[in-house]
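To keep things simple, chains are lettered A, B, C and D as they appear, and every chain counts its residues starting from 1.
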Amino acid sequence: MLRERLHRQLTPGAWPDSGLSPINRVVCVLILLASLMAVLETEPTLRQAAPDLFFAIEAVFVALFLAEYGCRLYAAGEEPRYRGISGRIRYVFSFWALIDLLAILPFFLAFLPFNNVFLLRMMRVLRILRLARLGRFSRAWSALAEALHARSYELLLSVGVAGLLLLISAACLYVVEAADQHEAFGSVPRALWWSIATLTTVGYGDVTPITPLGKVFAGITAVAGIGIIAMPTGILAAAFSDVFQSKDHQPERRHGAGEVER
Amino acid sequence: MLRERLHRQLTPGAWPDSGLSPINRVVCVLILLASLMAVLETEPTLRQAAPDLFFAIEAVFVALFLAEYGCRLYAAGEEPRYRGISGRIRYVFSFWALIDLLAILPFFLAFLPFNNVFLLRMMRVLRILRLARLGRFSRAWSALAEALHARSYELLLSVGVAGLLLLISAACLYVVEAADQHEAFGSVPRALWWSIATLTTVGYGDVTPITPLGKVFAGITAVAGIGIIAMPTGILAAAFSDVFQSKDHQPERRHGAGEVER
Amino acid sequence: MLRERLHRQLTPGAWPDSGLSPINRVVCVLILLASLMAVLETEPTLRQAAPDLFFAIEAVFVALFLAEYGCRLYAAGEEPRYRGISGRIRYVFSFWALIDLLAILPFFLAFLPFNNVFLLRMMRVLRILRLARLGRFSRAWSALAEALHARSYELLLSVGVAGLLLLISAACLYVVEAADQHEAFGSVPRALWWSIATLTTVGYGDVTPITPLGKVFAGITAVAGIGIIAMPTGILAAAFSDVFQSKDHQPERRHGAGEVER
Amino acid sequence: MLRERLHRQLTPGAWPDSGLSPINRVVCVLILLASLMAVLETEPTLRQAAPDLFFAIEAVFVALFLAEYGCRLYAAGEEPRYRGISGRIRYVFSFWALIDLLAILPFFLAFLPFNNVFLLRMMRVLRILRLARLGRFSRAWSALAEALHARSYELLLSVGVAGLLLLISAACLYVVEAADQHEAFGSVPRALWWSIATLTTVGYGDVTPITPLGKVFAGITAVAGIGIIAMPTGILAAAFSDVFQSKDHQPERRHGAGEVER
């Protein structure tokens, strides 16, 4: 009885209403706060101002997430495949349960004699990924996922075209600029750094061609970059248009068709 | 009688015709001119050339806006909830009336012994916000607002996805670049500055990764930035498409349906 | 008879077939070549290599454009409002005839004792504008112009929103950065240079905020820049979608409606 | 019999099923691997670490591609126009067979006494272009190609408008900045480098205007750059929308029409 209610509250898909259950909403807020603390903690000036405070807050969050993890592990028994001890072990190694561990593990790993302080901190920041599990159950997500899925081939192809352009422009600049700027364009992988910054129109400007021919190729690359932005945007716009229209107008259209067939 | 005519002239929603009333058009021009003067006044070379001229022009604008404010306060009595003295006090603290104060207040605040010259100047520039109240009554605005409102969940979700990507790329670069560039990537909040410039494809170039692994992550971030631009653009394009079509074609479609059902 | 044939050949709108008349196609090529020469001539290293050659080529182009101008002036008499001497004078001061003068005038102005060499060269480059007159008669242009015209209010409004954001972000950065970077953010007009580079996602990086609060505002501005790109793109996408569909599918739909009403 | 089976396996259009034949899939992977090796080989630090290894791997790839080339040459005889010796010669000089040579030729050209090491390396990288031939037979490609083809005039026109804006902004900045920054804006071709970086919103920042008037023109150019991105994106979005809808809904619509006409 308690297990069933816990399962309904904790598993986003098991909640009967649309949206998230009250407990999951609280979990969302906790994740956001804990991630914010993890972000702020990386800043040395803040960390050194109150190191004990950060540790205490982290301990509270970890205790809460540990309790949540225990509840999820207990409630998982409601689903047939996670029943029993072998089922619970299967649950622990399921994708989202591993992501949940990100929220707890870094705290305990820090006590190990060998640990990488940077990696532990990143793991703490990445607990924000847990939001993705809960976000997947919003109505907006299904529309976005449907649009991305319906046009996944076209989007992949445009990524492929972008990759081809990236490589060609890097190869061209390698040929014309390598002699003058060996550090920045001395090989195709090095030229790719410039190439990606130009094709995505980011344009850091830390590396720019200096030969006239290199500038001509760079100009062509920059113009091609507009296409690299326009193609996936256009595909997504058309895909969203399809998804929104099929959701909003399908019932009415079906009705109209019925009228005619009568 | 006078109050009713004033109310009709001053309150954009009360004007019977589409568009703005003649008085509100004059107010629009005055706001634009006063904002332009406030912008130009911040430039020291211009201010020092003719300080008295700037003060005189500002005084004229403030006198005009003060008169307008008084008229609005008087005319607000036409609406039941702003009637009487308590209603007028409610009006003074209503959102748009507070924005209107921005046009007048800085002039008088400047005479106080304690004041921040920068904030007062910004308040003078921000009187341009008053245009937003009048702009809300254009036909184009309703189409934009409808599109934004209809897809607000999807747009919020794409903002959420962008925020997630922002944090992940900042955490990655913090891990790989912190040792080499402590000033720029020494914490996640610092790395966010680079991250936001890259994901939005602004790309200042004041901070760029220098380690090979950092450049690989930066390249992935830059490519993800195209998605960050493409997603909201695609959603907006589909939303505008829906709004425009429902506005233009609805009457015809309704007519066509009537033909069939006959 | 000759005048009528000249008029039909030279005036793009008078040509009976779609596209351009043979003579106008030759004129297009001449304009492109003359503009290219004008562009190359501005480069000192090229100009000094063969100054006489550039002058000779320019003289040939001007002779050809002078002959064309004479023909157009003669052929204009076919249209009632340009008939007679007073009509011809009216023609000379019509918009496109003045643009045509750009192709000839700089050559003769150069012989005057007082002249600005930069302005004369720019005028030579701007003869490329003459292509716009001929381009207006392509089918693609009408689709683009229709889409822009149908949504001109929405596009103008998004320009207005962009202008508002531009001013607000410039005012914010002026307030927080003026003390630290007087040269770059010492006034709102100066801050606008940074603001426009950020909101359009150009991001030169010659000027960037250095205070933490300035970076926070800059990040918000950069994210808002995505909206500034997404809004007009979405409006244009929806507008083009409308125009293309009404052109391609209208006949079929009308036919279908006829089937139903039968 | 063998020739027919080879032809069916090697020629993408001759494969009866949708997608690629098993042999062509292997060829795809080989092309990707060989291109990756060619990219890595350009990096001096990697090349010097194991020069013999790179040569050996390259030799294996060239042997495989040589065998593939031979098979394609043999199988081409299945098509009437490539039959016989004269047909085979025609095949060798066909577009895609020449692209195929890119995968083999650089290896042998390297033994010639006179050769450009940069060009040979770029040719090796460009063997990735061979993927384009195989990619053309995916379903996603046909949708993209159809959309691009249907709106090629509009896309070309927007390229033309972009070119015009590019030239005008370069000419303006040449006039106002040439005196102050001779190196960067001393001629229109030089100013084009800045102009293209700004209009495509790449914004390297290696060259920026310093005069107030130059900054005003640059701001206008940057804002125009949004249009340069928005126009082709909008056209592509509308074109994809058309293509996707005609593909998905055509059968249903035809069915519906049949219902009505019954």
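The criterion applied here is as follows: a contact is a pair of C-beta atoms (placed from the backbone, for glycine too) under 8 Å apart; a residue touches a chain by one contact, two chains touch by 3 or more.
All values derive from a computational prediction rather than experimental measurement.
Of the chain pairs B-D, A-D or A-C, the one whose interface repeats that of B-C, sharing more than half of its contact pairs by residue number, is A-D.
Ranked by separation of Cα centres from chain D, the top chain is B.
Averaged C-alpha coordinates put the centre of chain A at 29 Å from the centre of chain B.
Separation between the centroids of chain B and chain D, computed from CA atoms only, is 41 Å.
Multi-chain contact residues of chain B, defined as those touching 2 or more other chains: 201-205, 229, 233-235, 237-239, 241, 260. If you check the complex, the residues on chain C that touch chain A are 201-205, 233-234, 237, 241, 260. Interface of chain A with chain B (complex): residues 35, 38-40, 42-44, 118-119, 121-122, 125-126, 128-129, 131-132, 135, 138-141, 143-144, 147, 162, 192-193, 196-197, 200-206, 228-229, 232-241, 243-245, 248, 256, 259-260. Within the complex formed with chain B, the chain C residues making contact are 151, 153-154, 156-158, 160, 164, 167-168, 171-172, 174-175, 178, 186-190, 198, 201-205, 208, 215, 219, 222-223, 225-227, 229-231, 233-235, 237-239, 241-242, 257, 260-261.
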